[in-house]
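Chains here go by letter, A, B, C and D, matching the order in which they are written, and residues are numbered from 1 within each.
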Amino acid sequence: MDMRLPRQPVFAQLSARYRDVRRHSLLLAEPLTDEDCGAQSMPDASPIKWHLAHTTWFFETFILERMEAGFQPFHPAFRVLFNSYYNGIGEKHPRAQRGLLTRPAMAQVRAYRADVDARVARLLAGELDAGQRGQLETLIALGLEHEQQHQELMLTDVKHLLAQSALLPAYLDAPAPVAALAPPLSWLGFDGGLTAIGYDGEGFCFDNELPRHKQYVAPFQLASRLVTNGEYQAFIAAGGYFNAALWLAEGWDWVRSQNLKCPIYWQQDDNGDWREFTLRGARALDPNLPVTHLSLFEADAYAHWAGARLPTEAEWEFAAAQAPIETGELHPAGAGASVGGGLLQMFGHCWQWTSSSYSPYPGYQTAPGALGEYNGKFMLNQYVLRGSSCATPAGHARASYRNFFPAGARWQFTGIRLARQA
Amino acid sequence: MDMRLPRQPVFAQLSARYRDVRRHSLLLAEPLTDEDCGAQSMPDASPIKWHLAHTTWFFETFILERMEAGFQPFHPAFRVLFNSYYNGIGEKHPRAQRGLLTRPAMAQVRAYRADVDARVARLLAGELDAGQRGQLETLIALGLEHEQQHQELMLTDVKHLLAQSALLPAYLDAPAPVAALAPPLSWLGFDGGLTAIGYDGEGFCFDNELPRHKQYVAPFQLASRLVTNGEYQAFIAAGGYFNAALWLAEGWDWVRSQNLKCPIYWQQDDNGDWREFTLRGARALDPNLPVTHLSLFEADAYAHWAGARLPTEAEWEFAAAQAPIETGELHPAGAGASVGGGLLQMFGHCWQWTSSSYSPYPGYQTAPGALGEYNGKFMLNQYVLRGSSCATPAGHARASYRNFFPAGARWQFTGIRLARQA
Amino acid sequence: MDMRLPRQPVFAQLSARYRDVRRHSLLLAEPLTDEDCGAQSMPDASPIKWHLAHTTWFFETFILERMEAGFQPFHPAFRVLFNSYYNGIGEKHPRAQRGLLTRPAMAQVRAYRADVDARVARLLAGELDAGQRGQLETLIALGLEHEQQHQELMLTDVKHLLAQSALLPAYLDAPAPVAALAPPLSWLGFDGGLTAIGYDGEGFCFDNELPRHKQYVAPFQLASRLVTNGEYQAFIAAGGYFNAALWLAEGWDWVRSQNLKCPIYWQQDDNGDWREFTLRGARALDPNLPVTHLSLFEADAYAHWAGARLPTEAEWEFAAAQAPIETGELHPAGAGASVGGGLLQMFGHCWQWTSSSYSPYPGYQTAPGALGEYNGKFMLNQYVLRGSSCATPAGHARASYRNFFPAGARWQFTGIRLARQA
Amino acid sequence: MDMRLPRQPVFAQLSARYRDVRRHSLLLAEPLTDEDCGAQSMPDASPIKWHLAHTTWFFETFILERMEAGFQPFHPAFRVLFNSYYNGIGEKHPRAQRGLLTRPAMAQVRAYRADVDARVARLLAGELDAGQRGQLETLIALGLEHEQQHQELMLTDVKHLLAQSALLPAYLDAPAPVAALAPPLSWLGFDGGLTAIGYDGEGFCFDNELPRHKQYVAPFQLASRLVTNGEYQAFIAAGGYFNAALWLAEGWDWVRSQNLKCPIYWQQDDNGDWREFTLRGARALDPNLPVTHLSLFEADAYAHWAGARLPTEAEWEFAAAQAPIETGELHPAGAGASVGGGLLQMFGHCWQWTSSSYSPYPGYQTAPGALGEYNGKFMLNQYVLRGSSCATPAGHARASYRNFFPAGARWQFTGIRLARQA
């Protein structure tokens, strides 16, 4: 998380942002029943109710517990129930059993949110010295960014849950926009050289984006847009899922041991036509939309088949410097709808797998105490994704942002940006 | 299930019984929220909502689909979603993922129950020839007994679910009755001889209780009551869970690989005092109550330690001929509260593990079609339990009843009746 | 094991038998290299070298350690390395890692055998009082029967090992006898009644065959011979491995999760012709030979398909009273080569699965001390096989013998004797 | 592998080197029995016999099969039996079952080696045009480097095997040299800057060392020697294995799920004194020797505890430019015995974990055909180790060499070189 203080602490702005972000989480739960909000479809995903409680726990544990006079927990058991992975805080309810927490009920979790929000508001309105003020602003900023990360997970986790039922219920029963014809994929060249990556602005960033540091990048090319469903169909039709030569060794074990034949939310109907499950329900696969929900294994095999490769995170960040930041809605949109002249679909559609393992930047420092567990301890056997997706909340994306998942993860909105040597 | 026709088909009685049994299932769900009703704590257990829907599916699939004119399913997907294990019916929703069925909602499942109940009532009120009438009565009788089996599971499954949370919520917030001092355990002798076991009455029985057949039983003795918590504490204190000589080989692997030290719902507090989680909440362990929720492994090891053994199912049934049938409530009661002069606690407290593997009686016949999958295909690697428990619905117990579970099952109300050679 | 003393203790006879049995184990290893003798193909099987050492360990631990003056172990580590499952003796080398014991070498194990044999011979030739003499005779008799059990396992374990290699090496490069046409399968009726089963002779028996006890057996019929390869091919051709209705629930999971389509040592060549791997090498499947190496799941499914069932162990023992005991060689022979008028192939061809779970006879007693672990602790989730096989050593078979394996075991010479109600 | 031709093709030299390398593999097997050579202690390790055959298979498959006139395989089944992971070659014997290949016997594998060696020698002595000559030299060079990699594995695999037995047999019964007092650990500074890494010499290198490319390295410091057993004991004594804050998240799961408390070959005797199993047998732990056989998880946790970090591979290679290359023998030696003034123990003692994930260098190219599977497909979820170990054959080490293993691997001679920011 950010260890820098905001340059101009304006509490009024922060309060407004606090209300907006917190309200958005509840809005995301609106289309769902309390029953929907309680279930957990796999250990990697969490129930919506748990997300709503855990993001609140974050404010209660890291802010109220430290800074509120006469702190009393909303409920003494919540410290354990809604701890995600902070060993420094103590015990944790087992991750794979979050769906068994039928108590507290959704109504009680809403009450928990309201209570913590009121207490945070009191803290913000109270008297603080400069040091406390700075600490409070820093922690609230971090808590809000943390909550925005969970807002994206709420959409991807509930999509995974809804897909488990033969009923294939839609999250939102809205018609899908019609996609324009995808423009041809072209290659844009970049000179690279001795450059610098990492965050360098005035606002918030996470600790894993720091420090900004020099990195030499050789000349390279990036594809002008994301790979489409239509292009990915061609890979399938060419036997891509059954050709060992295209896959990393671990990817080949992965794909064959599960007998995979297509992306996770694709299904072939009795006529052989592909259908895709989306947050707006199941529908015919649109060849002009970006292919999404791919593992790194699939993305890498496709790139190999296409005679290209995945970009490194330094290449991606270097190229993204001027790309406009778009915000999406529930599903990636076609490249024709993307803004900007050169590189299309850099933000707001699909996270883009890079070939870079998630590792600390030179000189990386973790925060002291339990908050130091935020990022550093996950820097192993995970790979960096860049950009943002159609599920990323507005205001949460930037060129230096480092998302990360294990190579087999498929339930995020992940896609393919091809690269090649210049 | 029963292949015999009721002797005096009295539709009015059957209709009343249908209403009573069906209403009882809903009553069992009363103390629970819709969220509680959706969760599944392990693959062996099912959500309450699933029980409510599956028991309805049974009537819809085996009665309405066969006998209703112009049959239309309540919802076409339910045939798959709520099929438990009938391969003859077709596809099944995966057992371990029943907790992911947030749709249909509880309200829709209640509507499903009401709809099927109305259609069954119409069928019962309609014109039927004698053959149809007999078939309908037979199938309804079977469906109600099936539902009563699920009523017991509803209580044991929800107990297991509630026990997963650090909050340890009670199913019913009622005070537990105070148990009287357990009477001393005495031994009652039985001569045995060439006898017969299996159902031989006028009413309903399951197919696995048939045919009644001759079996030679050597003289034996049975303990007058169930083993108590206090006696089982002595086994624990004597190191019973760490003494290989007491355990079956598979039991020893089971107990050590999971590092077990006590029954599933027991916990030792910081003072070393034992507490027990019950449907009425957690409370101090009462040494006068029967020990319950034991695996066969634990029951057998205890019997070995006590210099006794478990009874065979033939011994148990032979001895139970005259025992009064009691009905319990939410937790086993002490022997002082049990009725009958000689053998106490035979029914209504704890299912009693026998040393008999669950296998077909000589001449056993399965029903034709999918209903034939009801019992026979499970006759392997399971062991017979006799009696009934505090969770068994009134009217569902009899001396010839054969319950069965794998040796490691602990979430049922299972206890120990000791036996020994005469 | 037998707790009875031989009626006429004749040491000279016992010494001769000791030499014969012990020599036979070494003869079984003759066709194998030292490398063959060290490998372990699965946790259930053991290396030949381990069998040779463990059977010796049995004599050293249960006889020399107790009765030899000034006992010194041959090697102090062997007590752990070659303990199979006796918790009462202490630590054990992990079962699944027996193939990693490249030390001691085969030569050292041969030396171990010679040393223990010499010391046992000295003990037999020395001065003993009547009590010691009786104990020694009892223990030697038990040790020899134990070694004969391992002689059968040596053949089945090495067969499993050799089958793992694409080279499919033969244990013995001998031509297979030509099988005569199998006689038609006919049904023989038995009246049953209140009879007795269990050992009742003058010689040795294992503890699990005792006590002889009364059992009521209803009238039944047994097939005149074992099921043949040709008959089993018809079951396969009829889709038997893909018809859920024929299988026990656990069997269906077993067969589908492993995608099984035929017995373990069968393979279909490119022309669709079946070949069978035998101890004499791979060869065309002979339709007149008994089908062998079946799990209980397969045997039960076949019986179901054939409109019959498996016998109980009481039925089998009752019928076998007059059947002649044959001794086989390396592979089951055809029924035409079997002796006796009525029931053919009861002994010396295939162990015959029964529907009886392996459980203690009424009044069963285990021996005191570690030897008490011999049989009783395995009486759970295993099923009884009766008869004997082509791998059973001469003199080891009798009508009351109870062999037992879990329902999924396929590497023993197991076959099908059909039964049905009279 | 190397796609460059040797600059001065001198066949006589190549032939001599071929003989030397091939003979060395057999020398490594000298202290072992044929039984030792056949066993496989875990799926990651292979039997010595398999190593001897597979390295021969490499020459037969990639050289003789392509270039020998009238090629006939030594044995047709060997193509499958001894294929390691080349999907392009076809079927493979299952990796975890290499220990079941008791046939071919060791004697036959020796004959296989002699036969292939003779045929390669004939090829080298025959008439070849310049293109063939170049290809042959390239492939032989690759085959020899490949065999040297397996020579290291032969020692680490057999060490793992021997450690499985309670007998703890030594590979060589030789006395261990006495280690001098370890010199104090000091820090050496390096300026870094825009530098280049990757191979740039005249000789052989693997494809993963290419292409040499620019990389910016910030100023850093390296420890003067490897971490010692004594220093690692202090980490253990300080509770290092039980302090979540020191470990990567995946490392913490790893260490706790296996309940690890020390390096793999360490054992504490009854007095609490540490002993270490080595190729020369078990002996008292020497605090002056480098700690070895650590996973990346352990190395990283130690570095964290010591207030340092692991180096990146670029830092390591930059610093190693001038370090002398030592060759070790069976166990890492103390730093006092290491040569060179500044950085001690860079080569010949322990492979040194880096924080760099194993990934392709910019512009990395795989070879065409099956040989292209040599390195690239493993570039995921593995981490780079630099230097060389006491088991690396003479002539096989260089500064640009990239060894790689998953983070949990412990059976290689792996140790810790600390780094920190300048």
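Couple of notes before you dig in:
Quick note on the criterion: contacts are C-beta pairs under 8 Å (C-beta built on N, C-alpha and C of every residue); 3 or more make two chains touch, one makes a residue touch a chain.
Please read all numbers here as calculations on a predicted model, not as lab measurements.
With centres defined by CA atoms alone, the chain at the far end from chain D is B. Inter-chain centre distance (chain A to chain D, centres taken as mean C-alpha positions): 38 Å. Chain B and chain D have centres, each the mean of its CA atoms, that are 59 Å apart. Note: centroid distance chain A to chain B, computed from Cα atoms, is 46 Å.
Interface note: chains touch in the pairs A-B, A-D, B-C, C-D.
Against chain C, in their complex, chain D makes its touches with residues 33-36, 38-39, 41, 77, 80-81, 93, 97, 99-106, 161, 164-167, 169. On the chain A side of its complex with chain D, the touching residues are 85, 87-88, 194, 213-216, 218, 244-245, 247-252, 296, 312, 355-357, 359-360, 362-363, 372-373, 377-381, 407, 421.
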